[in-house]
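Labels run A, B, C and D following the written order; every chain starts at residue 1.
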Amino acid sequence: MLRMKAKENSLRPLQGVIPPMVTPLSQDRRMDAGGLERLVAHILCGGVHGLFLLGTTGEATDLEYGLRRELVERTCALVAGRVPVLVGVTDTVFEESVKMALFARDCGASALVAAPPYYFAAGQPELLSYYRKLADALPLPLFLYNMPSQVKVSISVQTLVELAKHPNIAGLKDSSGNIGYFNACRYAMRERPDFSVLMGPEEAMGEVVLMGASGGIAGGANMFPRLFVDLYNAAIAKDVDRVRTLQERVMKASSLLYGVGHHNSSFVKGVKCALSLMGICGDTLAEPREPFNAADRERIRASLVELGALR
Amino acid sequence: MLRMKAKENSLRPLQGVIPPMVTPLSQDRRMDAGGLERLVAHILCGGVHGLFLLGTTGEATDLEYGLRRELVERTCALVAGRVPVLVGVTDTVFEESVKMALFARDCGASALVAAPPYYFAAGQPELLSYYRKLADALPLPLFLYNMPSQVKVSISVQTLVELAKHPNIAGLKDSSGNIGYFNACRYAMRERPDFSVLMGPEEAMGEVVLMGASGGIAGGANMFPRLFVDLYNAAIAKDVDRVRTLQERVMKASSLLYGVGHHNSSFVKGVKCALSLMGICGDTLAEPREPFNAADRERIRASLVELGALR
Amino acid sequence: MLRMKAKENSLRPLQGVIPPMVTPLSQDRRMDAGGLERLVAHILCGGVHGLFLLGTTGEATDLEYGLRRELVERTCALVAGRVPVLVGVTDTVFEESVKMALFARDCGASALVAAPPYYFAAGQPELLSYYRKLADALPLPLFLYNMPSQVKVSISVQTLVELAKHPNIAGLKDSSGNIGYFNACRYAMRERPDFSVLMGPEEAMGEVVLMGASGGIAGGANMFPRLFVDLYNAAIAKDVDRVRTLQERVMKASSLLYGVGHHNSSFVKGVKCALSLMGICGDTLAEPREPFNAADRERIRASLVELGALR
Amino acid sequence: MLRMKAKENSLRPLQGVIPPMVTPLSQDRRMDAGGLERLVAHILCGGVHGLFLLGTTGEATDLEYGLRRELVERTCALVAGRVPVLVGVTDTVFEESVKMALFARDCGASALVAAPPYYFAAGQPELLSYYRKLADALPLPLFLYNMPSQVKVSISVQTLVELAKHPNIAGLKDSSGNIGYFNACRYAMRERPDFSVLMGPEEAMGEVVLMGASGGIAGGANMFPRLFVDLYNAAIAKDVDRVRTLQERVMKASSLLYGVGHHNSSFVKGVKCALSLMGICGDTLAEPREPFNAADRERIRASLVELGALR
């Protein structure tokens, strides 16, 4: 009941702060059930408007399918309809996306999110055909996930315009970081108030919401959900001064926490390390990634102290 | 006298709308002096805060040195100190940058702009050393020009922080379009109100100025200087609604005019074609580029009518 | 018995022509069992030295796991130990790689092949750790698969040198097409005659075998197995003139068949279309790819006629 | 007289080893005339078939025009018609390419070499038009220079085929390192024995000449001209065993000398450092590059000892 209401209210369009949740893992890379419970409680306590499981920050592609399902089932139960749960079904195998979607629907998820297949880089006509078939096959609204750095192709504005006509495609999460592209997508959707355009990089959420975007999938909201909710609220209230003040806090956290480490997964490592130091869940990552070493962990600790998140 | 005043007032920090001017060429690829006169008048009439010659939009790297000098000399004379003139000195040859800078100073230019050398991609330590030597050698304040799509390297935030300590380095123009990077640069410079951080892509100028950025190097201001000045003014007045309205006009122009054509230089072609249809200057481009064909030109014409810039 | 002999003879080092087999699919994207039987017979009839399942040409990452297992089981049964069967276990999920490897071992496969995980681009230390763990966990010799265009990272020569010390890592398949890299790998392995260095792109197989490389994973050998075996034999016999003659045939096929179509998967489409026209198996591709349209199919037909493969 | 003969004999097609000469600079970045004299003598003494000035190894784009002209003039005088001299005229400014070409012709150069303009990445139709105009305007035969890593675009095989019809376009130097592309170019030119296809990366010269390519622009021939000439001769004699032996020496030098340093210009630094240690010319590089530090220089020295080039 509650859940249905949430869906109707929030999903067309979906608006607000929807954190891409990390997947808490035990040291032997199984589900860290206690960590998950604390993390969901921590994030929801911040007043977020939704929760996104199994995205890039959730290390989805690198988790066993059984683990992915366990995460969806447990999280949906923990959330219990308080906010919509979005579930990533990005996969190179079409049928696996559908299977995960059906499972997510049965668990009570509200919507699905899919980046393009990520081994062969698809052309635009292939993206068009792929997403149409996927949207046809999925039991819940689908959000497109633009993530060119990982999948080697960007969903073009023209492809987006075509796909937005599909009744089961409800929005776009853009993680390209390309502001010209993001604004072009927003402009192309300007007469579609039911279609969400959500910003990936948290460093840009405040300003795009001020300009009218639907919200953000801010990874930092794993640690600081209230900060991002406050920023979102200031932005929809058009309180420019407050947006600037809060944005500075976001940038401070970003500059302190995400620059440690060297590889493609530094962001996820930074978030998990911080959550671990905050006592929420461990810092174990999916194979083949290792947590930060002691020196890097110490830098994160000092940063959290500077951010006021640790004493 | 006037010029000196402009410099002192405007350059630390440089703020506002500083159009990257196209270089008007005659059909035989010499200076189109009449077109230049009309173009400078058209742009200045819009109330812009500066003029940037010999950038990417100005096709600088592809123009004969004599033509570059002629452009600088004529434009400085036409501007006559009403606004600061910034001159691009980007070059693979260090000494040519210096020569052009001395010439620009003698013509009355106010500042210089340089992207990294663009044949060999420099490493960060090389960028550090390069820009320090350049700033030492130049007779006017230097603006760094981040343009990774053309030069294959991005000036890192850390390199920027180091370079900003140099007394002769006055700001950054970022044309990466990467909003996370731009905001990280702004955050890193937050205690340096004298250091300008300017947005390249015009599609993002409004929102970043709203957030506190110094201004924008908006290519579209060749055609629509007033629109961008109005947008800038609305942003510094924190008038969110008006920023949104004007931003929509910017996006409309962008979506109509810059999507025509296929190669790396589509943007410049679109701007020159529009200026030609508006009767300001011709659409001849530097070698090896050709103007739009009749069909593409017709699309630009129809777009200008739709934008109210032509009847 | 036969199989064991094949393994002992052929796997340290593995040498010769090892075609990366396409996966024959029925129109409803299940296994085309008849097509598979004809294809295996066709390829083995050409005298190849091994068979590689579930590589890029095999569209492995885009096939349901059940289908992948069915392919391995059926093919191993069809091959019946006549040549070593190599099975691709490339996956973003570590545990899925291991599961597929155990299954392949049980079916009688001889070795395994793995490209790096392909969502997060791993750094070199991560590649080192990943491949060591994988080689520890796998029940058969492992061949590294360098495929930077799809996985966004190249296994560095230094990482290769470290990994080659692992007793269960038996070779490298390099599909980068970068001849400087390939030769650097071969040089680094010059005192390891038991370690195979195999060329991916078929257009370069002849010359590298002439220079001492172990062989090639030539996709064109799906259609023309004998041609590549002849080329290999000419190369190990150091018969330069014959290598040149056969190489010209390879280039003719390559230039006629692989240039049709536009996206990342053109190569696979060309091979499947040709096999279909040759009556061996259908041209259905894994989602989201579609076979060539009628016009493109006609071009392939004409090319096969010109190549003497069709009348 | 002699020069004319060389041209007629050697240029259609140009064959053999044509070293891309480094530009010897004094510490204050003027011409190191003594070093140049020693270097030209050293290289010619090795029996090379031509000399290529002002390529990437020659740091052409980063040298003052006066210095470029001085290099051409002095080198042509030193060579005195003994071998053809090829002069790079790569430039973003069309007219500068022509000016340099006329100067080179007057100095006695035999041919010109041009990579695409390198600021704006040209599309294939633009490359077609650009090279046709350039070939029309140049007073000597033109060699196309494919260098995608620096200029961000590759000359497509189809564009090459069109350009090869121009009577003043005499060949291709391919520095992509992509062996599939190189072989496709060679195949496309198979009925044009007058059109040279030359390999850039020295690590691949031996095998492609064995297969019928025209020769190589081997940077290592600055230090070891005789080695590359011997390799070329072994290859045209189809002496596979000797090619393998000499190729191993090439790989040894490559692995020891070019892996030091970190940036885009490591190769040039390695060559200049080695030449400096060999007493031929200094290791000063064009701005903004610095020579190796003492530790890196020591590594190069040890490598030269190991290679038998120093005691």
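Just so it is clear, a contact is a pair of C-beta atoms (placed from the backbone, for glycine too) under 8 Å apart; a residue touches a chain by one contact, two chains touch by 3 or more.
It should be emphasised that the depicted structure is a prediction, and the values quoted were computed from it without experimental measurement.
J.: Give me the chains shared as neighbours by chain A and chain B.
T.: Joint contacts: the list comes back empty.
J.: What shortest step count links chain A and chain D in the network of chain contacts?
T.: 2
J.: Let me check something: if the centre of a chain is the mean of its CA atoms, which chain is farthest from chain B?
T.: Comparing chain centres, C lies farthest from chain B.
J.: Can you check how far apart chain C and chain D are, centre to centre, with Cα atoms defining each centre and the answer in Å?
T.: Computed from C-alpha means, the inter-chain centre distance equals 35 Å.
J.: At what distance in angstrom does the C-alpha mean of chain C lie from that of chain B?
T.: 50
J.: Indicate the residues of chain A shared as contacts by at least two other chains.
T.: None at all.
J.: Which chain pairs here would you call touching?
T.: Touching chain pairs, listed by label, are A-B, A-C, B-D, C-D.
J.: Looking at the complex, which residues from chain D come into contact with chain B?
T.: Those in contact with chain B are residues 56, 59, 61-65, 92-96, 117-123, 126-127, 129-130, 133, 150, 152, 262-265, 286-290.
J.: If we count contacts the way the header does, which residues on chain B are in touch with chain A in the complex?
T.: Those in contact with chain A are residues 157, 177-184, 186-188, 190, 201, 203-204, 206-208, 210-212, 238, 240-241, 243-244, 247-248, 251-252, 254-255.
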